[in-house]
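To start, the structure itself, in structure tokens.
For clarity, chains are labelled A, B and C in written order, and residue numbers in each chain start from 1.
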Amino acid sequence: MKKRTVVLALAFMLIAASSLAAQQYYIPLISKGFQHQFWQAVKQGAMQAAKDFNVNITFEGPETEAMVDKQIDMLAAALAKKPNAIGFAALDSKAAIPYLQQAKTAGIPVIAFDSGVDSDIPLTTCATDNVAAAAYAADKMAELIGGAGEVAVIVHDQTSRTGIDRRDGFVNRIKSKYPKITIVSLQYGGGDQLKSTDLAKAIIQSHPNLKGFFGANEGSAIGVLNGVKEMGKVGKIVVVGYDSGAQQIAAVRSGEMAGAITQNPVGIGYKTVEYAIKALKGEKFPKFIDTGFYWYDKTNIDDPKISAVLYQ
Amino acid sequence: MAEPIIVVRNLSKAFPGVQALQNVQFDLCPGEVHTLVGENGAGKSTLMKILSGVYQRDSGEILIDGKPVEIHNPRAAQKLGISIIHQELNLMNHLTAAQNIYIGREPRYAGGFLLDERTLNAKAKELFDMLHMDFDPRTKVGELTIAKQQMVEIVKALSFNARVLIMDEPTSPLNEAEVEELFDIIRHLRSQGVGIIYISHRMDELFRISDRITVLRDGQYMGTSRVSETNLDQIISLMVGRKIDETARRIPKGKPGEVVLDVRNLNRGRLVKNVGFTVRKGEILGFAGLMGAGRTEVARAVFGADPIDSGEVYIKGKKITIRHPRDAAKHGIGYLSEDRKRYGLAVGMPVLDNICMTDLPAFMNAFGVLKPKKMQKTSAEQVKALSIKTPSLLQKVKFLSGGNQQKVVVAKWLVKNCDVLFFDEPTRGIDVGAKQEIYQLLNELASLGKAVVMISSELPEILRMSDRVVVMCEGRITGELDGATATEEAVMKLATQRETMVKTA
Amino acid sequence: MANKPDDAAAATSLSRKTPETRGISARQKLLAFSSLVLLIVVFSILSPNFFQPYNLIAIMLATAVNGVLAIGVTFVIITGGIDLSVGTMMTFTAVMAAQTVAVWNLPVFVGVLMALVAGTICGLASGIMVAKLKIPPFIATLGMSMLTKGLSLIIARSKPIYFTNAPSFSKISMGTMFPFIKDFQIPNAVIILFVLAILASFALNKTIFGRYTFAIGSNEEAARLSGINTDRWKIAVYAVNGLICGIAGILIASRLNSAQPALGQGYELDAIAAAVIGGTSLSGGEGTILGTIIGAFIMSTLTNGLRILSVPQEWQIVTTGIIIIFAVYMDILRKKR
């Protein structure tokens, strides 16, 4: 028993020693989760960057996005390892502030990723530029309906960052670049499929000439799709969605949905590590790093680059 | 004689569907042991539970020291000086002896919230000393033998300054030596003026310990007599309403047949040492010995329930290896354990399922689906053959009487066509009438050509039933007697023949 | 009687054996403690970052909430029951405290009181369901778990409530009463855990409450027949557990500076695991607070150590699972002996 413990300890020591041998930068990433496909894709990007830049990373996140305290324990443990830099996607920014303050005092640069950290401690945030992505959705919509006609929008809510950014990105692009297109209706469905479906049906009912419909997140997009189907307008109204999910992917594949915007989680992970290293090298960079997005439709949905970032 | 402590007059109690007690009378004087006997369901327990405050009477009166009283709950009974020691000991295994004795009335301080452990242990020690028991009150009850646990219960009862001590079947889990020790304590208490109400199925004990005996039958009072003025036959005939010849020997029908089971040089741990015996077709082999002599261990070893250290087992002259009860069953050896509820029966399941359980594959079709018709037919046959009293095949076993539960276990093994049946204490906890049925059953099995091995701690039973008697002591077989001529004295002598004594002899 | 001398011998050998048995049980406790020490030693050897004041405090802080919950659930398990609602009950009390302080603008101590009262009421309700309505504890507390989770979400409108108006609230957990040693300032949450552990241990061993907790778990029927009002004491045990959940609720709300209504589910299993690792028997009648605290520390030390060693998260989970099974198996082994 005792002997085995000693052997085990020696084995561990060897592993630890070998990892210490290479004087690499060590950058722990604390995410909001780790089991979800989205976070696995972020991790994949981060690992790729670690390989490319020859640094050492770990990637951890709590089991559910509710476990705020567990995430903070992870952050505390990461700090105890005296890392060179930290990547952090806060479940709750305010709860994490004391630890981020500690990192700042210890001179450890913090790079926020995904939705970021509501504080000025992180040097930058690597996330999807939702404004730009939604604007691109507007461009695609204009192209698909021939640059003129009536469109409608369903957004999940008017308070969350993503809701505001996606709404403004889409609406402003249409207004500034496509004067012949009019947004006849903009409603909020709470991201709820059923509610969004009812909303979409009401809008279609009152605007018989509607040519395009944009749903700003998964629930909204599915709602729009259902509404179009139930009103018998498939093929007559162009549907543009956002994010993925099994239903949306199937709809894109069948052509019921013209296409959708997806974030690029692999890019989020990659950029987080890349900018952590830039920070360590003392480079200057902006407060926000766009990690990119993709437009996917029937033609490119099976492209490995796209399918890697879509989740069921 | 002194004034009685308790007088019960015209007591009646009914439960839905049963008149448990009808106009029963009873009295108890200080310094006497008054035994209450009757078959299961005669109303003994009900009477005891009314006296100890668990049940409330329907009519009649209870006088304590000549004054009518109401006993609403166990607390009230304790206040009146009545304590009961139940058949299942009501102790908390994880607490110490002292903590058990004073549970609910611990010495306290600081406003009654904090425990005074020192006083607690001192008071318990005092009580043990009073009864001349050398005992550390700080021992956890779970670490004590059943006999010692019983002592704790008795001390607990006395700590209430009990003037009346009710003991329900106190000796059934005890061995001879422990019974004697218990009787010493009972006699000591009697000499202190405590009145003791004693309930037991062991008829021989009644005459050793009682002053008076009261018989109940079907909830009715049958009579009270002084021990010096009655005898066993009289008591039993009062109990069952018919005369049972408890001492009649079994008369074997014809000569026993070939040797079915031959066990040689069996060894397993401390309690099975070099054991060898044979059983023939159509005979009943009695296994006698004191508690802990290793009889059950032998049966379990032969049956494959415990791995053996060494030894050989032959069935009809063929050597077999038994590693698991499955193997034993395959070779036609059945074991009916002492603790039917724990090892022998799924009490929450119907009769039918229990009977068919050991041989389920025989009732399955090629796809592993059960054939209910075949199961029904087989179990109906068994119920009829063994005259198991059950309202239906779907009755849950737990609602059957002890004797009928035993029969269900037997049926299980008969379904498997066993040739050798080990019965481990088949009549424990069964009333006199049901015992008769079990005896009859064993005789029938023998005459059907089964080889029956009966382990029993009751000597009269061994002598009555066995063709041959094997006696064990401390893991060894100390002798074999012919059933027809064996006497209690001869068996007891062998049962106490310890190894050290053999060597010097 | 020929057997008399033997029995006397048996009796004396029994009394001789008793101090020895007590020695064994002391050694068992030492065993649990030494496995914790072993963990710490191994991790300290494997990583220079492990045995650092900062990290030790991180471990203690990570133990605080689970440790407090585990103390409460230990009482319940000793009675032979189980409480699956401690995690969400904690959340509910946190939300009630936040509602009081942050929404109704009442002083911090009223919020604390509110959490304790809310926890006690929930526990009381569970206790009544178990003792009076005879609902199996597993189901009754599962129901209570869902109920408190739902109520938390409703009251908080599914969003965290922040103590923006009461910065002192975070001091309850994160401040320190002993700011004397630089770099090793033990946060109040940890001190509260230890004080509670001492109080609970005292209650379990020296008071009527503790004695009856064991009695009920050991043999409820016997306890009842001994004149103990078992229903009432059972309700009391569940209520005390609720009260302790209230303490945990205050600690976690204070640590996160907010009440997170979605948090809490799954925490009960960690608490139960800590108690069982610490030697509390799920069949009742056995358990110590010291054991539970050691169990909670084993869990958090293991988690922290594996993180410090950068073991991949998936393997951390596997390892923790193996250790829990191993710890409980060791316990079964020693009981067989």
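Miscellaneous remarks
Note that in this section contacts are C-beta pairs under 8 Å (C-beta built on N, C-alpha and C of every residue); 3 or more make two chains touch, one makes a residue touch a chain.
Note that the structure is a prediction, hence the values are computed from the model and not measured.
With chains as nodes and touching pairs as edges, the resulting graph is an open line. Chain C has the C-alpha centroid lying closest to the overall centroid of all protein C-alpha atoms shown. The geometric centre of chain A is 73 Å away from that of chain B, both derived from CA atoms.
Rounded to whole angstrom units, the spacing between the C-alpha centres of chain A and chain C is 38. Averaging Cα coordinates per chain places chain B and chain C 43 Å apart.
The part of chain C that touches chain A in the complex is made up of residues 38, 42, 45-47, 49-50, 52, 54-55, 58, 61-62, 65, 160, 162, 174, 252, 255-258, 260, 262-266, 300, 303-304, 307-310, 312-313.
If you check the complex, the residues on chain C that touch chain B are 1-3, 6-8, 11-12, 14-15, 18, 21, 206-209, 211, 214-215, 217-219, 221-223, 225-228, 285-286.
If you check the complex, the residues on chain A that touch chain C are 5, 8-9, 12-13, 16, 19, 28, 34, 56, 58-61, 63-69, 72-74, 76-82, 92, 94-95, 97-98. Listed in rising order, the residues of chain B touching chain C in the complex are 73-75, 78, 86, 90-95, 99, 103-106, 108, 112-115, 117, 133-136, 138-140, 143-144, 148, 176-177, 180-181, 496.
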